[in-house]
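Order of writing sets the chain letters: A, B, C and D. Residues in each chain are counted from 1.
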Amino acid sequence: MKVLITGFDPFGGADINPAYEAVKLLPDQIKDAEIIKMEIPTVFEKEGEILEKGILENKPDIVICVGQAGGRSAVTIEKVAINLIEARIPDNEGRQPLDCPVHDDGENAYFAKLPVKAMVHEIKSHGIPAKISYTAGTFVCNDVMYRLLYMIDKKYPSMRGGFIHVPYLPEQVTDLPDGTPSMSAQMIADALRYAVEAALEYEEDIQAVTGETH
Amino acid sequence: MKVLITGFDPFGGADINPAYEAVKLLPDQIKDAEIIKMEIPTVFEKEGEILEKGILENKPDIVICVGQAGGRSAVTIEKVAINLIEARIPDNEGRQPLDCPVHDDGENAYFAKLPVKAMVHEIKSHGIPAKISYTAGTFVCNDVMYRLLYMIDKKYPSMRGGFIHVPYLPEQVTDLPDGTPSMSAQMIADALRYAVEAALEYEEDIQAVTGETH
Amino acid sequence: MKVLITGFDPFGGADINPAYEAVKLLPDQIKDAEIIKMEIPTVFEKEGEILEKGILENKPDIVICVGQAGGRSAVTIEKVAINLIEARIPDNEGRQPLDCPVHDDGENAYFAKLPVKAMVHEIKSHGIPAKISYTAGTFVCNDVMYRLLYMIDKKYPSMRGGFIHVPYLPEQVTDLPDGTPSMSAQMIADALRYAVEAALEYEEDIQAVTGETH
Amino acid sequence: MKVLITGFDPFGGADINPAYEAVKLLPDQIKDAEIIKMEIPTVFEKEGEILEKGILENKPDIVICVGQAGGRSAVTIEKVAINLIEARIPDNEGRQPLDCPVHDDGENAYFAKLPVKAMVHEIKSHGIPAKISYTAGTFVCNDVMYRLLYMIDKKYPSMRGGFIHVPYLPEQVTDLPDGTPSMSAQMIADALRYAVEAALEYEEDIQAVTGETH
């Protein structure tokens, strides 16, 4: 199997983005699956186009996009993406769309096509904080998650996919108010690896039951 | 030079205490100084007696006690210990003293005899969250810090010392509410090492100026 | 016009629920609209049935359900309800459904049929903290919001409606950890009144444009 | 009896200070005691001089200074003031002293001369969040508390006094991050009144026992 994992580039004036920093630390293979890593731009719509190129080139079984959720203390597996854009800051090309849908012909929302509970359980069993989240926000993270699930729904029904939000890195919070949580890049990478392992195991279970292979 | 570093044993129903977990990971030497590690009990008064035994046996130049401050996001160097005990939970021998002084003949408070600003600066310069704190609470952490500074004031004037509070470990917060910060034992240990380095450098500077050696 | 406003009864071992405490303090008329107040039970599905009875009896133009979101600091106008139940605690009849949809034939999510931005703006202009929220959780609050919007979608298309989450009352947090926000029942009631005023103004604007009346 | 209560003027770019806003709402009499209200400037040393003028003019039995602690959720009765100034921002005359004592000849710290536990208990019994705090910070709040307790210690031994920190007002947090607590000016004023009542009752008890009157 193949797993495509993406991380956003830095945004909002930051020098680094914990998402891609952690993705880079992943091994090239997890269990029997090949891991393909890709940086995508913090730009509405374009992240989706580049993601789709990556999908067409690599034909992954599972796609997991990763982004930063500054202020969260745990790695959070997103359960749902909504058909709404409300950009509180401009994206990396300076556009700041407000109150508009991601896709005019999309559902109001899509649920993650990933075993989110099993992923959270696997990460926590290794002593790393993890939770399910029911909002991916209304910026590019929700945008790319929605675009991915829209693609799965419309074009690539046998693919699975979803989104994971990760905390700030420690070096990002040294001058932020006391109480702002962070997590090391290596611990985030470990969490991503456990999440991928849980997703792969689930996929294998399903294929064993259905006899389905891609 | 010699540095004595202590960490508390687990308390309040916990299995581990990040303080001693991190202390154990320290090297046996930092710069030219020998590092002596000691676990002390979460018991009022007794921690002070055991600490003094360690001081008499090892004759350290610097003593740093380390404890857990669950809920803090940064490694915090304590600036001041107060002459007050208010135990919100029982200690590990079941005693819960309330509204009483640590030492009847002590000052209302003692300030840390450590370069707290330099220590915070050194830790942050390596990308690890650190802050000065102006309260070590009113449980055993403040108690042992006060006892240490009282000893320095009354008996061991050439010794330096203070207290460092450290966040929860990640495995301690997996079932706590979202937003509860944590830090890996290795990152806490790194922070302690940078703190010791800053304290040693300050000590060397002072000895260079005063010609003082012990 | 008529506005039906509901508040949940206490749950999770609490004696009071800030939602209905605040709803009770509302006047019986806001601008030209009659305000009908209703307490609904913290019970999955049944809250929806009782809400629908209230709708059939009163034929409101606008329905606003109100619930408690302990830990939030602001009155939050919910933007979206999702077709998912994950009860982290049992409801007031002891049922705790997990991982199931609210309605098998409903959309994945429904967006609030209320002018959420104008409502937030109006509340804030009176100095009361208010924000848009993009998750109503997965307990009875999301459940009743989803059921309301499903009813609007399927049966009562000219009705408008949505959900407002309110903070703890001060008396609920006196023994909770420092930092837990709260808001007085009177201030919550004021916020609800401003929210209703903004919703009424929006409704009048729309009717002026469309000539529509119900 | 007479109670002198002070509140700081606005600082750090703010338009209002919840401390004096709440003090202004206090009645002129609480139980049998006359309440004298005074605004003091957010300026190191000068607040102490103006406070002492107020003390000399009014000869109060009890002095309570009140200041803002943005981010706290409860009214906090301070237990201790330390002999240290570390101004993280300039005061209202542009001075920003760092790492210096309040008084060269003062104790390292002074404990509040107020029944802090009884005050917290009385406030909470009326459903308002209140806690003891063990740090008044290192800005003008700690400064004026230290100066007050120094005066009591050195010159006015029969006087009692201390400091109370209060949360942000709701209108101060409308644009701050979600989760920032606040409390209405009226509720803060109510808390201050209950605190004064507890302090007066304690004073009466002591005078009943000692036969002491001033």
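In the analysis below, a contact is a pair of C-beta atoms (placed from the backbone, for glycine too) under 8 Å apart; a residue touches a chain by one contact, two chains touch by 3 or more.
Keep in mind that what you see is a predicted model, and the values were worked out from it rather than measured.
Chains touching both chain B and chain D: none. Centre-to-centre spacing of chain A and chain B amounts to 39 Å, using the average Cα coordinate of each chain. Chain D has its Cα centroid 49 Å from the Cα centroid of chain A. The set of chain D residues touching two or more other chains comprises 71, 179. The touch graph of the protein chains shown is a ring with every node of degree two. Pairwise, the chains that touch each other are A-B, A-C, B-D, C-D. Contacts from chain C toward chain D in the complex involve residues 71-74, 124, 127-131, 169-171, 173-174, 178-184, 187. The residues of chain A lying in touch with chain C in their complex are 79-80, 82, 84, 86, 99, 107-111, 117, 132-135, 137-138, 179.
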